[in-house]
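Next, two complexes with chain A in common: one pairs it with chain B, the other with chain C.
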Partner chain A sequence: MKIVGLLIVVLSGGLLLYATEDFPPWGDPASPASTVVSPRYLEKAVEEASVPNVVTAVLADYRGFDTMFETTVIFCAGVACFVLLRIFTRVPEDRYYRHVPTGVTIHIKGGGKINERSKVFERIDTLWTPYDLIIRTVCRLLVPFIQLFALYVIAHGHHSPGGGFQGGVILGASIILVAISENLRAAIGRISERLDGLLSAIGVFIYAGIGALCLLLGANFLDYHGLASLLPGDQPAARSHGILGVEIGVGITVMAVMICIYNNLSSGGKQDEGL
Partner chain B sequence: MIWQLDLAILTLVTLCAVAAITVKDLLGAAVLFGAYSFMMCLLWAIMGAVDVAFTEASVGAGVSTVFFVAAVFRTTRRTKD
Partner chain C sequence: MSEIVSTIVANYNYWLYIVLMMIGLYAMIAKNNLIKKLVGMNIFQTAIILFYVSIGCKRGGTIPIIEHAHGPGHHVIDSAHYVNPLPHVLMLTAIVVSVSTFGVALALAVKIYQQYKTLEEDEIIMRLREK
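On to the complex of A and B.
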């Protein structure tokens, strides 16, 4: 069976490699894509949308409808992960607490609790490894800078590489770093499950809402120059602001979905004890 | 574009890909997959597709490696086949 599988893979791989022979050479100026479509964007993007990064202009403006459904796909991935993994059974579970001054661990069976706000007892995971001071401190210092960089990536997506997807992933990664360096409950304490689900929907809503706003103002769906009457500046400036708006929506959705997937995956759907 | 560098990275991509599917240790496979993504990111950057390289670095090498490690944490570390 393995040999048959290998044979199929090698055959289809060879066929694909053979087919690439018919592709135009890499960076060929005479290829169909770079004779008609690309020059139009390269020449007009700055003039029409006042966005120096042509990739962002194509992604969020000329092909904005595509990106909207890409965001929806990410949202659906988060929802699928939630539906598949999340467990809501209310079986009382054993909990472990650590008495901080003495370092004694207490095992409470059958859903018993100690006040979570207690300064003397802290809740620990079943597979608890002692917190490392260096890791905790470095991560705590690093997280604000990671988040600042993520916001920069989202907001500066017009001018440099980056945008909503990358910035959102980095923003989600900063929360995941909190979950890894402390514990999952610390991260859920920062962004609760309810807020997370709400944010992932709000991002898509912002994107589609900006499109609908353009429709209300008399332009086509996601045609941002309709926003010119609301925003300061001329039509290219309005398109630039529209791109920024949808990038923020994409960023919020991607961040929330990344956190949702990580929380459900690492805790096995219980959102209680994780990696 | 320096073709020697290009070839070296392409070889590493292939090596990482083959190693990631043959290795028995699932955590090792996750790390190798991260290395594969990072090499792909370098290839994108060499070809001038900086936006794609950025996405590959953040999604492929960053978050998906974390997801794989989290998934391995919830299963066994050794694969059976």
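On to the complex of A and C.
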């Protein structure tokens, strides 16, 4: 198999390398990729959509239909992970508890459990590492700042590199940080499974909802200048606000899907013990 | 001979990304472990993303965020001054798709491991034949 693989790779690599002779030189401003459509986007983005970041303008306004289905793709990935992995019917299984004052570990077999709110016994994972005050405290202090930065990345996507996808991933990472530093159950306590599922659907709904709102106000689907009658300001300002609205929807969905994928993968579907 | 050398020097970025693509393709075909195949898939997707982004690059161009956009006066925007934004937009979609496929592929790998207790391809085929 390795020899066949090597042969295939060498053949296709050779063909591709032979094809690069016809490519325009690297960095040529007059190459065909840069002279047909993109000058129009570069010149008209500020005038028509009042958004200096041309990448965000093209992504959410000029090619907004594409981005809506991309958000749907990432929603489907979250749903697929959930459907593949999630196990609901539980065999009664062993649990481990730790008596906090003395450090004694208790192993309860066959499904019995101690009250979750007991302050004397804390539930630990099967492969448990000792409590580390520094890691837990520092991560707990950092999480709100990470989320604040993520909201900045989403909101400032008009003027700096950023936007919905990037900010959504950082938001998801802040909750995954809680899961890594403390406990998967602590992260699930912050964003429960039901809230996670709702959030991922709400994000797609916001995006398609803004498109439908434009339809109701008389413009085409996802044509934000129809929003000019609702929002203060003229048409380019309305398009800028429309872009912000859909980026918020995208950010919410990406955050929820990142958390859902991490929860299901790290616990193998059972969502009781993480890594 | 010097023509070939000058073509290589002018297009060396495409050569680099094609080599990276072929490394990823080889890993997908020839490696035995499922996770290594997935890593090969990720390398392949990353190479394609880099390839497209390098197509849109311009010598001396800056990032495609219009400078002094909201200031007073109307500025003439020279499109040769800014890097081509379209490959960046298309590759944002590609990155999202790559993350989604990687997540679902890892979920499938976890399910396979729970069923067959191994992640090596030849052992899985052997156990499939036994059933």
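Everything below uses one rule, namely that the second predicted complex is superposed on the first by the 275 of 275 C-alpha atoms of A that agree within 3 Å, B and C clash if a C-alpha of one lies under 4 Å from a C-alpha of the other, contacts with A are read in each partner's own complex, and residues count from 1 in each chain.
Everything below uses one rule, namely that a residue touches a chain if its C-beta (ideal position, glycine included) is under 8 Å from a C-beta of that chain, and two chains touch if they have at least 3 such contacts.
No experiment lies behind these values; they were computed from the predicted model shown.
Contacts of A:Ile106 after superposition: neither chain B nor chain C is touched.
Of the two partner chains placed around the shared chain by superposition, neither chain B nor chain C is touched by A:Ile135. By the touch criterion defined above, A:Phe23 lies against chain C but remains apart from chain B after alignment on the C-alpha atoms of chain A.
In the superposed pair of complexes, A:Leu7 makes contact with neither chain B nor chain C. Of the two partner chains placed by superposition, only chain B is touched by A:Ile170; chain C is not. By the document's definition of touching, neither partner reaches A:Leu148: not chain B, not chain C. Contact with both chain B and chain C is seen for A:Leu265 once the two complexes are overlaid on the shared chain. When the two structures are aligned on the shared chain, A:Ala212 is found in touch with neither chain B nor chain C. More residues of chain A are in touch with C than with the other of chain B and chain C.
Using the contact criterion defined above for the overlaid structures, shared-chain residue A:Gly162 touches chain B, although it does not reach chain C. In the superposition on chain A, chain A positions 26, 53, 55, 59, 161, 165, 261, 265, 268 are in contact with chain B in one complex as well as with chain C in the other. Against chain A, the residues of chain C that register as touching in their complex are 7, 10-15, 18-19, 21-22, 25-26, 29-30, 54-59, 61, 63-67, 69-70, 77, 79-80, 82, 84-89, 92-93, 95-97, 99-101, 103-104, 106-108, 110-111, 114.
Chain A meets chain B in the complex at residues 26, 53, 55-56, 59, 161-163, 165-166, 169-170, 172-173, 176, 180, 258, 261-262, 265-266, 268, 274-275. By the touch criterion stated above, chain B contacts chain A in their complex at residues 47, 50-51, 53-55, 58-59, 62-63, 66-67, 69-71, 73-74. Touching chain C in their complex are the following residues of chain A: 1-2, 4-6, 8-10, 12-13, 16-17, 20-21, 23, 25-29, 31, 33-34, 37-39, 41-43, 45-46, 50, 52-55, 58-59, 63, 66-67, 70, 73-74, 76-78, 80-81, 84-85, 159-161, 165, 261, 264-265, 268-269.
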